[in-house]
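Pasting the structures here.
Both of the next two complexes hold chain A, though its partner changes from chain B to chain C.
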Partner chain A sequence: MDKNEEKQREEEREQVVSPWEVSSSGKIDYDKLIDKFGCQRLDQSLVDRVQRLTGRPPHVFLRRGVFFAHRDLNDILDAYEKGEKFYLYTGRGPSSEALHLGHLVPFMFTNRYLQDAFKVPLVIQLTDDEKCMWKNLSVEESQRLARENAKDIIACGFDVTKTFIFSDFDYVGGAFYKNMVKVAKCVTYNKVVGIFGFTGEDHIGKVSFPPVQAVPSFPSSFPHLFSGKDHLRCLIPCAIDQDPYFRMTRDVAPRIGYHKPALIESSFFPALQGETGKMSASDPNSAIYVTDSAKAIKNKINKYAFSGGQESVELHRKLGANLEVDIPVKYLSFFLEDDAELEHIKKEYGAGGMLTGEVKQRLAKVLTELVERHQVARAAVTDEMVDAFMAVRPLPNMFD
Partner chain B sequence: MAYSKDQLLARLKDLQIEFSQYEHPAVMTVEAQAKYVGNIGGGLSKNLFLKDKKHRFYIVSALADTKVDMKVLSQRLGLGKGGLRMAPEETMLEILKVPLGSVTPFALVNESARDVALLLDKGFKAQERCFFHPLSNDMSISLNTNDLDKFLKSIGRDPAYVDLEANPAVGKDQPPDLAAFVPSGSTVLPDLPDPASAVQSAGGSHVNANNNCKAATEKAIKPAKDVQNVKDKSAKAVNPSSSFTDAEKFVEEILDRISAKLLSETKEGNIAQQGQELGNEIANRLRKCCYPELKNLATIFKNTAYTQGFHAGKASSLTQCPRT
Partner chain C sequence: MDKNEEKQREEEREQVVSPWEVSSSGKIDYDKLIDKFGCQRLDQSLVDRVQRLTGRPPHVFLRRGVFFAHRDLNDILDAYEKGEKFYLYTGRGPSSEALHLGHLVPFMFTNRYLQDAFKVPLVIQLTDDEKCMWKNLSVEESQRLARENAKDIIACGFDVTKTFIFSDFDYVGGAFYKNMVKVAKCVTYNKVVGIFGFTGEDHIGKVSFPPVQAVPSFPSSFPHLFSGKDHLRCLIPCAIDQDPYFRMTRDVAPRIGYHKPALIESSFFPALQGETGKMSASDPNSAIYVTDSAKAIKNKINKYAFSGGQESVELHRKLGANLEVDIPVKYLSFFLEDDAELEHIKKEYGAGGMLTGEVKQRLAKVLTELVERHQVARAAVTDEMVDAFMAVRPLPNMFD
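Up next is the complex of A and B:
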């Protein structure tokens, strides 16, 4: 194979991962991504360390490698060991009303694990301005979507005494804006083009947006929460496609006298049809939505979930399933809490003892339980509750 | 004063109701009962004592072979999909004045059971005679449905027979067909202890209290007689469900879920398999599987309380410091 052919092969396997596009001609190569972005693998020793420090079993997503990469997590843990607290920062771009399971992943991890295990506060940014600009929504519509999404986020179980949710349109100004300007001064136009791929045709709103997503990493952006705590560290759980924003932020932070935020990053939740991309809110059959009924969930899994099983029962019993591409097993590894059961399923299914139908049935049960629990919680979230979460108020018990 | 078996039998004779009685060792299930009276002609009955979320009670009396689907029944009564549960044993004693294994339409003779609804299987009508316990499960009496009706009328009840296996659609244009059976008076109960011990199977068939403890408490509080619309996609409750504002209802909700999970853990021969270890085993499994769900509920409760306090605080500062 000569040099040219090799190069061609390389380019063909090109994958695109950015905050606005995730696609690949084959499976997403996460190792390559880690190399390209320059972050670190979250290995077992780190997971063990977290377990020791928090005194509780690590979350499913950590055990199964869903959250698989990080930046400076060790520094946060070092500080925590010495008694220094930190705060969490995560966010959502409210581009649609329909939230699917993939969207819930960072919130589930942040809430049911990080917030509980470390007992730290959380700020959640709703980037309604970003969606207004990128998706060409009206200001009112993006604000409305932000509030609707906030309800689903709250339904994940966040504690109002430790969580501050804000939308950019509401909150940008004051100390937040001051930090935005400080950050903006440190990033050249060329740099931002290099990181985000802007062209001369992109409007200036887009170009000046990155600081908005950067500054929640700095405690001084939230004087009502962290005044006097300028050296509070920040940990950002997010999907790996958000890494570019925070690479930029980490670059700028020391130059303006702040700690670099640490990151803990997750892989993409695969679409029902297979691993080649991430779920899209615009294709209803690529995902399980939090509004889906038990029937719809069962239907979608049965009809659209890409199966690694063989074409016929006989063949399947002989060869077993291809676990690499099988979506139901992948989904189970996200949401089936019982390690032993998952192992059993993988073993039996991989050997051909278990059939695709059974695996899909198990998955339907797990997802239905999850979604129904979410729906109950969602129904209890009122507009007043959203107001309370979004009110600019102190959180005196945030470290309890 | 609770009616005794002898008092009931005496009363039946007074009413000139024709019945045959058969004594046998105490039986807890229809299968066991069948061993003693199964070959005598007549339909054996299974009797379920159920309750809904608003503490209303129901006796569902059906032929042993009739399939009773609690979810369907719940919807037909207008209680939503998960609105019916097996009633705890304490309530059986308190309201029906009968112990576990003895639920029977005859229990309605007691004053305390005046607000309990009765649903009778229309399948009984096709039988020459049907068997029921006369307030005690060490005896079965068989009688014709006409005679049963005579008795019910004598205690002021209007006997109504229902096709229990039917599954009609319930929705916006099709109101729940059994809604009329829902009692309008409410029964006041004394403090109930932990219902986790209330695994009852009156009549013994495997009618599972809804494994699926996803009660969708999606609608507004007002305890109005509503046709519950469970599948409301964008349920924007104007007021939060009372499960999350009322401590009593909240605890009920939690205990309902625990008992439902408990029932699902104790079915199907677990008892035989595990024997003494069962208690520990169940306690552990319960803890594991209930924890995330209950934590979710508790967080919603906390958030709701905070929200109400927050708005009260805002309003109070507005009224105290008028803008100048």
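Up next is the complex of A and C:
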């Protein structure tokens, strides 16, 4: 192993981003990730173009770089500019009952911005089959979690006349299964090993799954929605750890007669303990859950949120906070919508005029409001509403 | 490599039997195959037991050893003796339009014997997805072939009140897909490589397929037929090259709460050119097709059927035919139902009293009658009948 190889290996050890693992010895280097995955940076000119085309100010997640990378977003916008519509596809692996704030990011962005701004339909895949296989849940338990998660997703405010939610266990079959077979024919085992790192001791369910996540990118997988619209384009908002699935999908798409899906990719919502990975479902103290009480939120923030402030008030007044590593400021930059207030906090806190406790208090208020709003909305989601979103049906006015 | 290993390798080279390849440098050694696969010989005492339990003389394929091996057939019969019913599962990979006689063997045995004698329901899987992936057919072409093959299967005389025929492309989904996932979770990639010999350059469709062929062995895959009957046993009549699929299935079955399916396995119907493998769909002169004319049958037999007779009439009269390698006699032992006549032919021909030409003439008559009967029956199979057999429906009187 020569020096360069050694260096490369070390870098790879430092930062692992796959659909199953996100870890890093330091901060995730998103520039490096863009290079490694081969996607493009979502730069200001593209944000401006979205604003121009939709006539709407960019969503906070867009203007603050939460969604920071893309693939072929320009092609989607070119087509849109010529009057051609597209559809959105996002999803969730229902591995746990309660969602945390990081889970909400793609749904908030898709719902409160993309779908509304572009006036396009949305399909949401709940990969209960995946979680049944990876997490060794029973079929029944994964289906139960899928329905529970669907309630949280619906609580984000999606429009039932433009949104189709489906669980793989319910929906795989027919045109969807045919497309799975078409995709599977185009991908060798060596290829999925290269992309996903499977080993011979992994079960074949894992090897069989990538086509299941691939095919919602193709309109013919949804005959009740897009019959006769095989050339409809698809835009996928997702966290960047899902990129490997869609690299594979984009490789296959033209070979089976479809457009490559475009992607708009987010960074990870950091754990309370600091920005070295995503939040972990296995450590409840690493995240704020949408089921947390106001008291729990306050406690978690005060106890666990990694602070960039100094060790003593005196030192803090003198040196100010290190905003680069400060989790309360990170969280506020996701969820405090007021740009002026955010700038004010960053300036004051960075200069030492504001203390960690004050910033944490502001954050607790912002998150409590968000979570309580979500809880109220979620409590209003009935089983009938879930059935309505998940009914296999046409969406007659989906492009209006 | 020591001597033993060398010998074993050589033996393996000599005889390859897998779902995709049957080849041998000499005659297939079925005893060796039983040892290698680990199934049991279907001996006379078991044939007698079937006769005793069903009150019917054994089918010609049973009493002449065409079905020569089994797995757990005794368990099925034990349960049957106690009044417990079972169901039959067989299938076909629709890779070609016209079936040859070898393709009919499992269907004739299932229809004219097993189903009737035991009064049990039957599911027939058409693996159009498999053929789409292995033979690189389009989805549409594999589905068309599945329907065409269904007509030939129906022409064998199946009872629509006891028989459900399905194509994977139509039927995969719901409970069937859930069982696919349950099976896939239990089988590692290394395991399927050991069983099926896949390589890293094989596409993942091949790796994904074994669970599709496995799950019709489990009653819950057919909720419209066997709802609430999860402990119903399954008996699979098939050619022995399908054994690898069901070895895997039997390994998984108890881990997901089902009985291991039992098997009753046939030898291969030999090619006209001699008994070194199965007939090949790619060489039309290696087989008699159910679409062949009387003239074509006569020609093929006269021209290609490998004879055990001697080179000259004089020598033949003196030495007699070698029945061990004689294809006309082999074919007659499949399809000439009259035991006495068959014995007579074997005796006379073996002693030189009967010439090859006479035996071939008798065979041509037997096969022409069989094929013409099939053609008449097939011409009467309408699209409506295919729809009726393939309708997803209960079979209310399936055990009567």
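Note that the second predicted complex is superposed on the first by the 388 of 400 C-alpha atoms of A that agree within 3 Å, B and C clash if a C-alpha of one lies under 4 Å from a C-alpha of the other, contacts with A are read in each partner's own complex, and residues count from 1 in each chain.
Methods note: contacts are C-beta pairs under 8 Å (C-beta built on N, C-alpha and C of every residue); 3 or more make two chains touch, one makes a residue touch a chain.
Note that the coordinates shown come from a computational prediction; the quantities given were computed from them, not determined experimentally.
Student: Counting only touches as set out at the top, which of chain B and chain C does A:P284 meet: first, second, both, neither?
Tutor: A:P284 contacts neither chain B nor chain C.
Student: Chain B or chain C: which reaches more residues on chain A?
Tutor: Residues of chain A touched, chain B against chain C: more for C.
Student: On the A-aligned overlay, A:K185 touches which partner chain: chain B = first, chain C = second, or both, or neither?
Tutor: Second partner only.
Student: Have a look at where A:I154 lands relative to chain B and chain C in the superposition and call it first, second, both or neither.
Tutor: A:I154 sits against chain B, while chain C stays out of touch.
Student: Based on the superposed arrangement, let me know which partner A:A391 touches: chain B (first), chain C (second), both, or neither?
Tutor: first
Student: In the overlay, answer first, second, both or neither for which of chain B and chain C A:G65 touches.
Tutor: After superposition on chain A, A:G65 lies in contact with neither partner.
Student: Once chain A of both complexes is superposed, is A:P223 in touch with chain B (first), chain C (second), both, or neither?
Tutor: neither
Student: Of the partners chain B and chain C, which touch A:C132 in the superposed model: first, second, both, neither?
Tutor: second
Student: Would you pull the chain B residues touching chain A in the complex into a rising list?
Tutor: Answer in residue numbers: 214-218, 231-241, 243-244, 292-293, 295-296, 299-300, 302-304, 306-308, 310-311.
Student: With touch defined as at the start, can you tell me which chain C residues reach chain A in the complex?
Tutor: Against chain A, chain C makes touches at 129, 132-133, 136, 139, 168-174, 177-178, 181-182, 184-193, 198-205, 207-208, 210-211.
Student: Mind pulling up the chain A residues that touch chain B in the complex?
Tutor: The contact residues of chain A facing chain B are 112, 154, 157-161, 291, 293, 369, 372-373, 375-385, 387-389, 391, 393.
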